[in-house]
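Paired with subunit B in one complex and with subunit C in the other, subunit A is shared by the two complexes that follow.
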Partner chain A sequence: MNVFDYSAYALFKWSDMRMILNATLLTIRVTLLSLAIGTALGLILGLIRCAKNRGLASLPLIIMEPLRNSPLIVQLFLVYYGLPSVGIRFDAYTAAILTLSLNTAAFFAVLVQSSIQSIPRAQWEAGYALGHNKVSVYIRVIAMQAFRLLIPQAITLYISQLQCSSLVSLVSLMDLTKAGQIVAQKTLLPFLVFGIVAAIYYIVSFPLARLSEYLERRTGFNY
Partner chain B sequence: MSGYTMNFRVLEKYTDMFLGGVSITLKVCVGSLVIGFFLGAILAIMKQSKSKLARGIAIVWVDVLRNTPFLVQLFFFYYGLPQLGIYVDPLVVGIVALGINSSAPNCEVIRSGLMAVKTGYYETSTALGYSKFQTFLYVVMPIALRLSFKPLTSNFVNLVLTSSVTYGITLMEIMGVAKTVSARSNRPFEIYLILLVSYCAFTYFVSFVAKAIDRRIHINL
Partner chain C sequence: MAMIEVKNVTKSFHVKRKDEATGKLVRSTLTVLKNFSVDFTQEGVTVLLGPSGTGKSTLLRCINGLETIDEGDIVVDGLSVRNRHSLKKIRLTCGMVFQQTVLFPHLDVMNNLTMSPIKLLHMTKREAEEKAKFYLDKVGLSSKEKAKHNELSGGEQQRIAIARALMMNPKALLLDEITSALDPEMTSEVLRILENLAAEGVCMLAVTHEMAFAQHVASRVLFMDKGALVCDATKDDFFTVYRKENERIANFLKFIGE
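And then the complex of A and B:
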């Protein structure tokens, strides 16, 4: 069929669009849930990474390194197809959330660690000099400044995790990408359908990308 | 956990298939590395140019690629091209799509390399009688590329990891082979574990080599 044959576009019905929009909700739900879990877990891992004790600090690497250095699909397939033979069975949704959360956590931990460690020593010393104890310095001096550095990078990570969530379509979850694939095969209008799908992803992540850039410019400071 | 013993021996007879998968993965990675690098360099130059049109195109290009998933881009080309009457091998689609996808981060990296070259270098080469083009080619670009070498290699590592997504368009690269073998041998756990470890090993190897090279070519401005 010809791309310029406009009558063919009538094949794309409102019901197809509704299917795509419903799938968008699943994508958003999977992304938000895994980001929430991943952020919480990543924060813990990142704080452990900053521990003074070398042994303790390198403990999270056992889980972080494999997660950061292998493709997300392999991790997803290991959890979804591999673990059942060891006797641990998840449905596709749980497997997707679990894998995406762990993956997010690994990357988030690195961000937490690097933003805490980029606060100069003088800030700690100043905190102690003002009579704060360790916990108090951590919360009132270090965390506040580290947080400012962390936000723009975290948003960038969240955007890339939104894109990564498209991979859950490969474990037969009905997410935005999967819906696009089905509708494209039904209507034979791949350019239109994947264009719409790409546009939806774009609409969600583009404002966030700009926000991240803006915050990065605003929160950058010199000591 | 109980009752399951890992058995890697059964996978030995699939060695040839795995090697075939590795060779396709390597083809995809090398091909898209080349495309992504040159496209990224061109985009970086466009972003630096005075022409509003060139800047606009580069900005939109990078924004679109960064804010849409690679899998969707891949499907867009894979299912879309036949509609235009262009029938190409999935391998070619995979290489081109991945190359285009990796041009976006490469562009950012090379551009920040270009911006780090101080104005003194431009002035010096003008004083030495270099034309604008010569200055760019012989002075600015070599420095910028040296500066951006390390982030470029980490983009390359990302590209290798992303290359596994091309399995989505029926490409029999290492991930596709793993999927097939795991169905045949009924040993998915072992297979994906091996895959995970080998990807990690490869990533470490690349970063190790990259660090060694970077130590030699790094310059402080």
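And then the complex of A and C:
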């Protein structure tokens, strides 16, 4: 079929578009939920990574390293296909959210750790010298500055995790990518359909990128 | 009674250095302060002089509890730095200004000054701002209230840091080579502020290499070498008697161009 043969586009029905839009909602829901859980968990892991006690600080590595050093798709298969064989069964939606959350947490923890540790030691000491205790310095001096360093990296991670959520289509979840595959097969218009799918991913990511720029400007300062 | 009593303090750092013979990294201990004792009263300006690496900064950092001490004790206003719970009070008693200026980059000048008094001394925002204006005026930077730290020169930042320390009503200021990172012009700006403060009776304990400052402002001079106190004298004695009689001091002063 020729891409420029317009008569073929009649095969693409409104119902197909509705299917794609519904699937978009699922993709957004899965992504938002796993990013929220992943961020919260990652923040905790990252803070533990900054602990002074070496033993405590290395504890999070036990879950972070496997998650960071194996493909997301393998992790997903392990949870969805592998765990049932040891008696733990999740439905596709839960398995997707669980895997994406943990994966996000592992990467987010590294970002938290590196942002906090890149604040110069002198900032801590200046806080202490004024009479603040550790928690107070953490909140009023370090967190504020680390947040500024964290924003652009975190949003890059978020955008990348949004794209990675397309992998959940492989555990039979009707997300944007899966819907695209089905509609493309049905209409025989893969170029058009995947073009639309890609455009939707772009439209969802774009505001995030702008948000990053906005937040950087709002909180901006230089050393 | 002395406000700051340093009693037999020993402080060492663990360092890794390369062993000449084997080329391997070996741990070794560098003792910076050896059985060091000295008292400071709450009056006038005391200047700590001496070559680099003799523990002058370490002494100030120990007094403020930024470094822990291995042996001995430091008592500030009746409170020991060995007690973790008295550290806050000690730090409020001794304001500290560092060599590298550390204004908080996420806050403007006004908030840099008011944050700590509001949180730690429970001042209202208005009280804190009025006080901040008073001290900004004192360091000659009233117009910079809204400036961010990167809009200020090094000398201006250091003056703000002095004002920030004064905001906490300290009984003494610990100044750790605060002009070392500045050019001569900015140095003189900062020293002028310090002279004014000294004239108003603010007690200061300053590590410095500025002989002019020592000669004009100091009332007491301590000379340290290799972690030990070589001389503890009034300024006049130091620059007349000791520089003639003590070879180490004479040498040091010769190299520094005095």
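The criterion applied here is as follows: the second predicted complex is superposed on the first by the 209 of 223 C-alpha atoms of A that agree within 3 Å, B and C clash if a C-alpha of one lies under 4 Å from a C-alpha of the other, contacts with A are read in each partner's own complex, and residues count from 1 in each chain.
Everything below uses one rule, namely that a residue touches a chain if its C-beta (ideal position, glycine included) is under 8 Å from a C-beta of that chain, and two chains touch if they have at least 3 such contacts.
Just so it is clear, the structure is predicted and the values come from calculations on it, not from any experiment.
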For the three-chain model obtained by superposing on subunit A, do subunit B and subunit C clash or fit? fit
Taking the superposition as given, does A:Arg148 touch the first partner, subunit B, the second, subunit C, both, or neither? second
Rounding in steps of 10 degrees, give the angle subunit B-subunit A-subunit C taken between C-alpha centres. 100
Touch test for A:Cys164: subunit B only (first), subunit C only (second), both, or neither? first
Subunit A residues in contact: does subunit B have more, or subunit C? B
Contacts for A:Ser114 in the overlay, against subunit B (first) and subunit C (second): which applies, first, second, both or neither? neither
So in the superposed three-chain picture, is A:Thr219 touching just subunit B, just subunit C, both, or none of them (first/second/both/neither)? second
Touch check for A:Tyr128: first (subunit B), second (subunit C), both, or neither? second
Scan A:Val197 for contacts with subunit B and subunit C and give back first, second, both or neither. first
After lining up the shared chain so the two structures overlap, which partner does A:Thr187 touch, if you call subunit B first and subunit C second: first, second, both or neither? neither
Closest Cα approach, subunit C to subunit B, once both complexes are overlaid on chain A (Å): 19
Can you list the residues of subunit A that meet both subunit B and subunit C? none
Which of the residues in subunit A come into contact with subunit C in the complex? 120, 122-123, 125-126, 128-133, 136, 140-141, 144-145, 148, 219, 221-223
State the interface residues of subunit C toward subunit A in the complex, per the touch definition above. 64-66, 88, 91-92, 95-96, 98, 100, 102-106, 115-116, 119-120, 148-150, 164-165, 168
Which residues of subunit B touch subunit A in their complex? 1-4, 63-64, 66-73, 75-76, 79-80, 83-84, 157, 161-165, 167-168, 175, 178-179, 182, 186-193, 195-197, 199-200, 203-204
Considering only the defined contacts, which subunit A positions touch subunit B in the complex? 1-3, 65-66, 69-75, 77-78, 81-88, 159, 162-167, 169-170, 177, 180-181, 184-185, 188, 190-191, 194-195, 197-198, 201-202, 205-206, 209
